[in-house]
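Look for chain A in each of the two complexes below; its partner is chain B in the first and chain C in the second.
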Partner chain A sequence: MLVYALVAGLLFGLYFSLVGIGLNLVFGVMRIVNLAHGDFLMLGAFIAVGVSALAGLDPLFAVPLAFVVFVLVGLALYYLLVPRLQGSVDPEMLSIILFFGLSQVIEALTTIAFGTSERSIASNELGKILAGLRVHVFGGEADGPVELFGQSFPASWVISAAVSVVAILLVYLYLYRTRLGTLTRAVMSRREEAFATGINVDRVSAVAFGIGLGLAAVAGVFTPFMFGSVTPAFGEDATVTSFAIVVLGSLGNPIGTALGGVVYGISYMVVQTYLSSWADLLPYVLLILILLLRPSGLLGRRVRVA
Partner chain B sequence: MVRHLLFVVAPLIVVFAVLPAVYENHLMLFNFVVFLILAQGVNVIYGFTGYLPFGYVGFFGGGAYGFAVMVMHLHASAPVAVLAAGLAGVVLGLLLSPLLRLSGAYFAIANLAAALAVLHFVANPALEGITRGPYGVSLTATFNPNAAYVAALLVLALTMATVVFLKNSRFGLALQSVREDPVSAAMAGVNVVRMRVIAWLASALIAGLAGGVYAWYVSVFFPDNVFSSTFSIFAIVFALFGGVATIVGPIVGVLILYGVYNLIGFTTPQYFQLIYGLLIMGLVLFLPAGLVSLATRRGWHVP
Partner chain C sequence: MLGKMAAALAAGLMFATPVLAADPPSEIKIGTLYASSGRFASISMPVYSALKLWAEQKNAEGGVYVKAFDKKIPIKLVSYDDQSNTATASTLYNQLVTQDKVDLLVADSGSVLTAPAVAIARDHKMFLFDQTGTGASFFSKDNPYIALMADPVSTIWPKPVADFLTQDGPKLGIKRIALLYSTNEFTGTQANAVRKFIQDAKAPVEIVYDQGVPTETSNYTVIINNIRAKRPDAVIHLGYAPNDIAFLRNVNEVGAKFKWLFCIYPGLETELLEKNVGVKGLQHVFTYVPPSELDYPVNFGMKMPEFRALWNKTFSDGKVEFGFNAVAGYTTALVLEKTLSVANSLDQMELRRAVFSLSGKLKTLDGTFALDETGGQIGELTPLGQLEPDGKGGLKFVAVYPHDVATGKPVYPRP
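Here is the complex of A and B:
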């Protein structure tokens, strides 16, 4: 049972890393608290439902679609909202309220469009185009569970975790191996100095914001498989969970989020296994404890206290 | 101070005391009073110290459950249980006072997480023997909406008096100086930490008492009802919309926005959600200091 909890925790944790990484990128670059993060996750899930139910395609096709659509949405939202916000007295505080408003708008529009009922996708829909490859690698049946360390897990969990690893690697390559990524890191560490050296801070930030929302939507594609179903109201809990993961890894350090997600996933699964009625409390208690005891997160250096 | 009590607080209380006799939707009137209390409670902490209590509902729900536990297990009378609800708010406030070490967004998020933690704690099936867990409470012994309405008016009067005090006292002025610049305020001899904690506990007490009278009035509720984030959000938005750190700002906010909500909200909540979402965004982008700033910008004095 412990092995199962640990491996399931790792699979969930890799997925949780993807859930948090976009939020952290946005905060790190812009010092903006995106309280609507969970709602972009929810929208990604609805894209997956649409691709699967309306087009009859493998939900994996929703991954590039969700990413491209939400990068564009992010660019548009950035230029619409952020410059005006950055000019105000207290951008960080006001961003909380602004993005809370945005999250309400998204939730309301989604409810108006799709109603409040739960949407789900049959678990064997995910990765059906890869079924042949899967049988080749893991053995077993084309739409059955996957064997790992002598335990069997839903194939959709393994696929979500695998896509998350690829996405996080791509974020890493973007930040550390591309020119725009280097500029992004410059803006993250010293915004004013980056501006003074002639970096187009607005353009760098807009791209980071777009990528952040795109990653949230990609994580959302897998939400119906990890949590069973999704409703327009899913966003709020997802936002708080994302913050728990991000703070765990340390705010402003996107790669730390990968670690934060795994730690969170494993502890969640272990509590779920041994103390199931208390598992819902975990993200909140963890978030508060980390903020109080180690506000810089597991990998952080800077301390953010008054 | 006397002027504010006489010309702002007293008329408000009198109007809400008389209204039930001429208007039959008592639940709506009661909700107006509850939101007036909560918006002013947010005003006490956010308006005067700058801490944004995103999980303000934690104290409210904690108060409601404090009331319920007193009635269910100790068979307390309703007024005693309301006082216990206020105490529950203060105790929660004390437990969470380390959060005041966090600044800005970190405080707001930690406070939100704290409210959700209290919700999941109360709603835990493992605590069914104490809180009835997720199954909700039904308090028939204390059911008395008229008395609960009067109690709510008393809590409102107390809350308003607190805001009037903050607005007119050296204490309130010192708090606002801390909000603007904690370092200079500390150098000027203001005991920053103690004052923040006092404002924080006052605001927790207000929300706890509000939760107590709410539990008394509705008498049947579930954890999701009394911990609904709607309470935090509405209270914050109402207070901000009118303008914080003033006496009349939150009142104006509640009367206008909750009035609009009651006109359109009940049949199609998602449309109200859409409207207030857009309203919040517009507020932050174009009028961050609230409606009263329209008046103060022209040099009018707003209490």
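Here is the complex of A and C:
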């Protein structure tokens, strides 16, 4: 049971790394608390449902679609909202209020558009274009579970974990191997100094905001597979969990989020195995523990002066 | 002498003349809550939509007959969105009672969102029309301010499940039972009841896995693996619709083959579960047989086909599914209507008397409305059924227990 919980936790955790990484990127660059993060995740899930139900395509096609659409949405939202926030006396506090309002609006509009009922996608729909490759690598049946360490796991979890790893690597490459990424890290490190040295902080921030929302939407594509179904109200819980993971890894350190997600995933599955009725308290318990024991997070170097 | 005669005449006239009711109100205010978002939206919205459908239907006919005023009076549905939040629900129930001063108080759907209403109604001495909140703790001899409208109390709801397992189960080879439940009033009470029925039966069956999980649980893969490790012959999962969706999907995704598997919502919200789990994933699953499959004799309100046709016409966009909760909302509406037609006043205790006077006599599309002394619903039955392929790519219900309502034999083990 422990091995199963550990492997399931790793797969689950990698997905949560993807859930949290966009949120951390936005916070790291702009010091904006995006309380609508989970709602963008939920919208990504609805894109996947649309791609699968309306177009009859593999939901994997929703990954690039959701990313591109929400990068554009992010750019538009950035120029609409963020410069005004940054010009205020207390942008962090105001961002909480603003994005909470945005979260409510998104949820209400989605409810009006799609109703309140659960929506899902058949689990064998995900990755059907790769079914042959999957059978070749893992064996088993094309629409059956995947065997790992002699135990079976949902194929959708393995696909989701694989996409998460790719996305995290791409974020890493973006941050550490591209010029825009270097500028992004400069803004994350010292926003005022970056501005003073002539970096176009607004442009860098807008791109980071777009990528943050795009990553949330990509994570959303896998939500119906990780949680069985999605409703317009899904965003709230996802936001709370995302914050727990981000704080766990380290605020402002997107790569730390990858570690935070894995720690969260494994902890969740182990608690669910041995103390199941307490499992949903985990995000809060982890938050309290990390704030008490290591306020800078697992990979944090210092405590941010908020 | 003359004065005494006049006084006696006046007194006589006073007793001879019937007490005149107060002026009839321009509308009867029915206060209720619904959840348009959050965890309970999918069970709350069908209930509320049915209630609204009834109110619109009655208002189009000029209102409902109110015996206290001997005339038809339009209904005003005063409703607020609690967003599946119990704290918000508490505030809004208070508002309905103290600010809106509604004539009749109707709870939101489900035990979680009914729980705050029970205490508030009792404090304000308002009679609570409890739609589907079946938690056992709501009903006690010292609380006269509640009655359950549209499904049985959770303590008796799972009796056919437990009786099947203890009486027919051993003959089929069922000896080891796994019990997984969400830790809320609705399913927690059912789990307690199952446990007690099984223990009291002293049958050769044992519960080898017994775990509660938070109602918010949406991922069961590890739990399913843990259950599998206990090698049960029968698995009972008690959760709300989102729990059942996630659980059944995970069962199929990890290729778990439970020989006997029970869930609540494949029966109660079949359309919703079919959409989210798929026909294949629901095949041979045991569940409660919904009233739509039992064709109860009706002496008040629409019959099932008529109601279903009206529902499909009204909610043709498919955003609110037809299912048990739609029936429950309409059943509540029928009880409200019948209560107003027999109550002598709108006094809350008189409303209670009127509701209880319907017990055993009112037969709706949901079965016989019958209450025990605490206000718990005991008339509407929940036979155990199994979902079988109908040969046309869909599913059909086969009632398997109790034997007197059975329409077929159970398939065991599930293929």
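In this text, the second predicted complex is superposed on the first by the 303 of 306 C-alpha atoms of A that agree within 3 Å, B and C clash if a C-alpha of one lies under 4 Å from a C-alpha of the other, contacts with A are read in each partner's own complex, and residues count from 1 in each chain.
Here is the rule we use: a contact is a pair of C-beta atoms (placed from the backbone, for glycine too) under 8 Å apart; a residue touches a chain by one contact, two chains touch by 3 or more.
Worth saying up front: this structure is predicted, and the values here are computed from it rather than measured.
**Student:** So, on chain A, is it clash or fit between chain B and chain C?
**Tutor:** Superposition check on chain A flags a clash between chain B and chain C.
**Student:** So, does A:244 touch the first partner chain B, the second partner chain C, both, or neither?
**Tutor:** A:244 contacts chain B only, not chain C.
**Student:** Applying the document's definition of touch, where does A:151 land relative to chain B and chain C: first, second, both, or neither?
**Tutor:** In the superposition, A:151 touches chain C alone.
**Student:** Touching A:292 in the superposition: chain B (first), chain C (second), both, neither?
**Tutor:** A:292 sits against chain B, while chain C stays out of touch.
**Student:** Does the superposition put A:64 against chain B (first), chain C (second), both, or neither?
**Tutor:** Once the two structures are laid over each other on A, A:64 reaches no partner at all.
**Student:** With both complexes overlaid on chain A, does A:272 touch chain B (first), chain C (second), both or neither?
**Tutor:** Touch partner of A:272: chain C, not chain B.
**Student:** After the superposition on A, what does A:122 contact: first (chain B), second (chain C), both or neither?
**Tutor:** second
**Student:** Contacts for A:105 in the overlay, against chain B (first) and chain C (second): which applies, first, second, both or neither?
**Tutor:** first
**Student:** Per the contact definition in the header, classify A:83: touching chain B only (first), chain C only (second), both, or neither.
**Tutor:** Touch status of A:83: no partner.
**Student:** So which bits of chain A does chain B touch that chain C touches too?
**Tutor:** Residues common to the chain A contacts of chain C and of chain B are 107-108, 111, 237, 277, 280, listed in rising order.
**Student:** Show which residues of chain A lie in contact with chain B when the two form their complex.
**Tutor:** 33, 81, 84-85, 88-90, 92-98, 100-109, 111-112, 236-237, 240, 243-244, 247, 277-278, 280-281, 283-285, 287-288, 291-292, 295, 304-306
**Student:** Give every residue of chain C touching chain A within the complex, in rising order.
**Tutor:** 35-39, 41-42, 45, 83-84, 183, 211-214, 216-219, 221-223, 225-226, 229, 241-242, 245-247, 249-250, 252-255, 272, 275-278, 317-321
**Student:** In the complex formed with chain C, which residues of chain A make contact?
**Tutor:** 1, 4-5, 8-9, 12, 107-108, 111, 114-120, 122-123, 144-145, 151-157, 226-229, 231-233, 237, 269, 272-273, 276-277, 279-280
**Student:** What part of chain B is in contact with chain A in the complex they form?
**Tutor:** Counting only chain B, the residues touching chain A are 50, 52, 54, 98-106, 108-110, 112-114, 116-117, 120-121, 124-126, 182, 229, 233, 236, 240, 270-271, 273-274, 276-281, 283-285, 288.
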